[in-house]
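Per-chain numbering from 1; labels A, B, C, D and E assigned in written order.
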Amino acid sequence: MDGILLQILNGLDKGSAYAMIALGLTLIFGTLGVVNFAHGALFMIGAFCAVSLQRLLGLSFETLDPTKKDFLGNPLKVKTPYIESWFGPEMGASIIDWSVPLAILFSIPIMLFVGWAMERGLIKHFYKRPHADQILVTFGLAIVMQEIIKHYYGANPIPTSAPSAFKGSLDFGVMLGFDPNVIIYPYWRLVYFAFSAAVITAVFSFLNFTTFGMVVRAGMADRETVGLLGINIDRRFTIMFGIAAAVAGLAGVMYAPINSPNYHMGMDFLVLSFVVVVVGGMGSLRGAVAAGFLLGVLESFASMNWIKDVIPGIDQIIIYLVAILILLTRPRGLMGRKGVMED
Amino acid sequence: MLGLDKRDTKFLLIVIFLTLATPILLQPFPESSTLAQFNAGYPDLMQRFAIFGIFAIGFNILFGLTGYLSFGHAAFLGIGSYSVVWMYKLLDYNVIWGLPLAVILSGLFALVIGYVSLRRSGIYFSILTLAFAQMSFNLAYSVLTPITNGETGLQVYTDDPQILMGATEPTSPHLFGIVMNQSAKINLGDWVFTFNNGYYFCAIIAIIAFYISLRIFRSPFGLMLRAIKSNQQRLNYTGLNARPYTLAAFVISGMYAGLAGGLMASMDPLAGAERMQWTASGEVVLMTILGGVGTMMGPVLGAGVIKYMENIFSKINEQVLHSWFGWLPDSLEGFVIFIAEHFVGSGWHMTSGVLFMLVVIFLPGGLVEGGQRIKAMFNNRGGDDADDPEHHPKHAPHVAE
Amino acid sequence: MADSSMNETLLSEQPKPKRKDFSKNRNHAATAPAYFSVWDLHAYYGESYIVQGVSFNVHEGEILALLGRNGAGKTSTLRAIARMDDPMLTHGEIWLDHHHLHDRKSYEAAQLGIGLVPEDRRIIQGLTVEENLQLAQIVEPKGWSLNRVYELFPRLKERRKQEGTTLSGGEQQMLAIARALVRDIKVLLLDEPYEGLAPVIVDEIEKTLNIIKEQGITTVIVEQNAVRALQLADRAVILDTGRVVYDGTADEVLENEALRNEYLAI
Amino acid sequence: YTNEPTGGSVTLGFNVPQTGPYADEGADELRAYQLAVEHLNGEGDGGMLNTFSSKALKGNGILGKKVEFVTGDTQTKSDAARASAKSMIEKDGAVMITGGSSSGVAIAVQGLCQEAGVIFMAGLTHSNDTTGKDKKANGFRHFFNAYMSGAALAPVLAARYGTDRNAYHLTADYTWGWTQEASIKAATESLGWNTVNTVKTPLAATDFSSYITPVLQTDADVLVLNHYGGNMVNSLTNAVQFGLREKQVNGRDFEIVVPLFSRLMARGAGENIKGILGSTNWHWSLTDEGTQAFVKSFGTKYGFPPSQAAHTVYCQTLLYADACERAGTFNPCGVGEALEGFEFDGLGNGKTVYRADDHQCFKDVLVVKGKDNPTSEFDLLEVVEVTPAAQVTYDPEHPMFAGGNLGTCNAG
Amino acid sequence: MGILEVKGVGKRFGGLQALGDVNLSVQEQTVHAIIGPNGAGKSTLLNCFVGKLIPDEGSVLFNGQSLLGRTPHEITQMGVSRVFQTPEIFGDLSVMENMMIPCFAKRDGAFRMHAFESVDNESELIEKAEQMLIDVNMVDKRNMNAASMSRGDKRRLEMAMCLVQDPKLLLLDEPTAGMARADTNNTIDLLKEIKEKRDITMAIIEHDMHVVFSLADRITVLAQGTPLVEDTPQNIKDNPKVREAYLGETQQ
């Protein structure tokens, strides 16, 4: 029982990452109709916003400490972050400690800019081009972004820690009447869950409570005609792209403390996020979010030992198996709209 | 000739010539020049050109003609390789057993996967094929290790049965005694040309594969496939059943992939699970698009370019750069090398990324379009377009005169 | 077309595709353009030269019939006027109520008062009938209210919640016209508006066109049913292979059999 | 024989991951190779040439031929690695291939070199199979293996954590993971530990939470992470996030063990590695003169200390060159013979022997611990014990290594 | 007994009864027109014949065989062809290729693995296709890309594609909408000629009364999903109910 409860928590948590990545992707892919292979790269850039801010805050000057020796036997260079020397060690240290949450603010303008630049500079010429061309150009772009990051940050994962206030775990079990220390869950993962719920809600309300969503949907179905109605669809597409990039970036920023970011983390998530979006159904935000959570939970269940004992290797293929089953029983995924990328 | 019209015959002859002369054509720089780095006329790479050419030609029959974008063709590649290596293990090193098996088995798998996946179209189809291939990859990497030897890759061990193995038989892949990895080297002045058995074996099969695909493109069957891409609804109301056509195309292209996989194992007796990963499926998609979707030569060109970059650019290191730019003044040399380093050696991915973007931005029809533009520049405008063998199915309907 | 000498020099220059050049004929504006004036349009689909110098003027509140055979370039002309990407306008001027449209994008032209009812209706997939109409009202100021168009086409009111693309052919045509009317337009460009409509409905629409004429909206109508269009119109322009071959009153065409035979085959 | 050097130079092929998750490790290997080439050609300060017990090398290249090299990208994929190695052999005329950062690749390239008739000097490969089931006459491994990790680690674990522990294994679901799991399990069980469960995790997993929470439900008090690279970073980070380090089971602290440590990768896990035990082939903080010489020349050239991967490939290059020199030929059979049973010292691992039966080096193994108070970003591990070679030596026919056949050397 | 017998067909879309109890009998070798106000259900009815929609109730018999539950291609192979309200052609292909496809479908059936034949060698079919293009006055466009034709031309092409198959029953949904007068007249002549020369039956939906009255042998007026009257053209013209509901005053 408690095992299952924990796996549900795990699943929801995994699902919230999937859902948030898929949400951003579905804005571009399901709504604007661009097969965006660079979406993973946007997620990765988000995570590296957190890394960069951490580095930026940690910028240090060096002093020589003759009492200690470095690995070559020379006097050790001791680094002191500028922040600590400006704000005093305590205050400075706590600013550095909070670099990931700060990075949220830091990343929004950056991601909006990246999205804007990407759309205006490249994607806008590709709305009418075949999907194949979109794949090639966005894949190329993803590689370039990755390589740039790799060049500056290397290929290894870079530890990025959550504020120390969020270290440790919440004892859920006690609240539900279990023994202590049975059902515990890390604070940061709970924060991630809450954060993604907030982002998802925000995006939903923006698209549902304004006509923006309808206009963009219409623009995707038929750009020309929407233009005939006096609507500047290009601008809205750009905005949409910016939002999508920001959502992807935020997903990345918050993910950084969960798993240390590396330059190819986007590629790791890329295939999965396409699967989630398509299983959710093309053009459906709700579908993408639902599929994200569904796959997250099922993946967690599949990794339970007794299930693995019954079907060996099930956790390796569960996502794909479920995707196949869903797509075969429901022609357009969970809630797909008709006519979106069906040809 | 061979059921082709004059234009296509000429085209085929050119292809045959280019394929057979590859060992010479790809070795343009003398050994001692610093540009020898760019020579690609060594057996392994030439074999790869031919093999991935076959893979891409087959993929194009599905994607180029019907527009169905499979993201799981690497699964068939893997199945082909495993079949061949298993034949080595069970029978002997003669590739004659494995290759037909590779084609048949991958055809059967394609039949099953295609039958299921083709119930959907568009992106839903792509994801179904992707899911099948990823499942195959993940299982091959772990649970199916007894069959696939997992991460290490399937290979021949001395204690394998090899029941047909004769005492004097070569211990590496061969065709009735013609050993694949044997080559004849010819030195001509400062040039060395390598004529490799394996390459010619692949090349002949590639030419046949190309010929078959040419026939398919020109056949009523090919016309139906293009019609499916254009308007499936109309096709149905014309009394044609789209399903068996797409399925046939899927199976044929799956068999091409299986053949390619089989040939990979015929050149190099090892079959790794990574051959089935989505990146491998993605690679053939990229090859086809880069070269030109739906054209005859495009996918082969795309395959060549991608494999060339992977094998040649990745090997250019700092030392090589220094040898090229050593004549520059020091500060300038430093700068040039600093820039160049981003694009070669460990930065070769960057070059391919940039190339993908440039091609798709400036040559919307892929590399073939680049070729056509160059040709058009020579034929002073209005030259006989009819001589263009690339029945390029037009994406943008703006070419009516 | 008053200034024929200039006209000649401009026509003798073969305009090339893919390059926009509006600078040469600026001074045309000085010659007091009509309310809605199209002057020497040249447009291309890719390499193919389709609109080959079309000019006409329409006064405020006038109805102009734009006629010609299949493939004469009527649709292309309307699309060029509405500043759609295809065909690409390479040369020429479009003036509407002292605003120039030739160097604007299609949405800007629409905001300045162009309303096009395209020939294949272009109902937007995935949106209901009502959403299709609401979409047209997103950009202020609005034209007719939804209720008013529903009065004109009760059928649409019935089908309000239905997805637009599942409407019958004729209903879609109504929706396309309604969509133009709910916007605040100065010129209504109708591309074969009667196609697929039952004769009774055609009568209705004709009445409507007369109503909007009284409101001062200018109309350009392309129609294969030339007689009907000519009966409605004040003036007529006939196109053939992308050029104007007749520009005069509608009545004259109705009376001039030779003209009708040659260009309209009626 | 294949690619016999004819001119005044000899070409070596350095085949390392330059792209993909192990690119940094590959880059460090390349640095060490370059350093080795310099030293062989008599440039620089000579590094471990000066401390190496064999004095055959003169600093004038190998057998008087200047050492040149080509590099290639394995992408950590067998196919790409073989393609790259083949191009070195076929196009550039390399007489020896070396490098790699994973066992799958090492085994694939080793097989290739056997067929092509060149020597393969393995880089970082830890699977038992490289010199076990998949051993080849043309292939040689300096790096230690999973069995040795187990044999070295188990006594330390028993000493520190007691002999009645309940261990729970998370294992990367591929060959290397399995051999390591089997090795550690055998070694710890023989000291009295009980294995609660062994769970395979998918290769592509990035979030291990759903594999870690079940640990909480068992009475396990030690978690063994048979992961490497990014998997290791993520699983360790996740385990710490779930508070396993603070957990107490039956009054004892819960412990995490990472049997194969890599300093480069450990950096990715940040704080989380503090206090965690594991094993490593070599560490720059050793104080023997070989290590010091190597760290000095590497550190002077590049500004930071070398990794264990850099160390092992540097040694392999020197060992190869030395063997050629002693054999008086580049012929793989001659070189192989010179390497078989070769005993040496001064390369940072103490007295070492290249065993003839399986071409595995036997030397001391380091048991290390994540350092609690690092003084710099490189100072992440501290050596807690140097397990003597004798303790990690096994019989060539040991079941974990059985089934293979070295075959005979192939000169092409 | 007609070649097409429709009995009690009904179809609803959600709450909307698009068709209710439609009975219709089309006699062999006649032209049967279906007219009616917009949204009366004419296209829906046609959709029920060709397998695009499955009626909720009733039966559709063609030559005594039920059409319900058959796929579109089966129905077409039985000899029923359809021209759509919005032209459906193979936009990416040339006009000639558009014509060849129905020729193959007619000769080879719903599927044939003719991967090793050459389209260029099918001189018989090519001739047939060419002749058809001449008949519809489109030979000069034979190499044009179908998508870049004007709309009237697309219409004609689609009709030619259906005719070249020699269907037994040809269903035409507003075939002349958007066609120039001259071409409309040509089309009328063509259809008349075909009716005479070949063994063909047609069901036609049109709003252009000129076309209807020049072609039709019988007319069914559909309103709100049910047949209002069925009669000869002359009687329909004079029927006051039809005039009021559909024709309006202008149609004399």
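In this section, contacts are C-beta pairs under 8 Å (C-beta built on N, C-alpha and C of every residue); 3 or more make two chains touch, one makes a residue touch a chain.
Because the structure is predicted, anything quoted here is derived from the model rather than measured.
Within the contact network of the assembly, the step distance from chain C to chain D comes to 2.
With every chain reduced to the mean of its CA atoms, the largest distance from chain C is reached by D. When you average the Cα atoms of each chain and compare centres, the chain farthest from chain E turns out to be D.
Annotation: 51 Å between the Cα-based centres of chain B and chain C. Averaging Cα coordinates per chain places chain B and chain D 35 Å apart. Between chain B and chain E the centroid-to-centroid distance comes to 46 Å (mean Cα coordinates, whole Å).
Centre-to-centre separation between chain A and chain B, using Cα means, comes to 34 Å. Of all residues in chain C, those that touch two or more other chains are 45, 48.
For chain E, residues that reach two or more other chains under the stated contact definition are 148-149. Of all residues in chain B, those that touch two or more other chains are 138, 141-142, 349, 395, 398-400.
Within the complex formed with chain C, the chain A residues making contact are 211, 214-215, 217-218, 221-222, 224-233, 283, 337-340.
Chain contact summary for the complex, chain C toward chain E: residues 45, 48, 69-71, 75, 119-120, 155, 159, 162, 166-171, 173-174, 192, 195-203, 224-226, 228, 264-266.
On the side of chain B, the complex with chain D involves touching residues 39, 42-45, 48, 138, 141-142, 145, 150-153, 155, 157-159, 172, 181, 194, 264, 268-270, 272, 274-275, 310-311, 314-315, 317, 319, 345-346, 348-349. Of all residues in chain D, those touching chain B in their complex are 18-19, 23, 26-27, 30, 69-73, 77-80, 82-84, 86-88, 90-92, 103-104, 107-108, 111-112, 115-116, 129, 134, 173-176, 200, 202-204, 403-405, 407.
Contact residues on chain C toward chain A in their complex (touch as defined above): 82, 84-85, 105-107, 110-111, 115-116, 118, 122, 124-127, 131, 134-136, 138-139, 179, 183.
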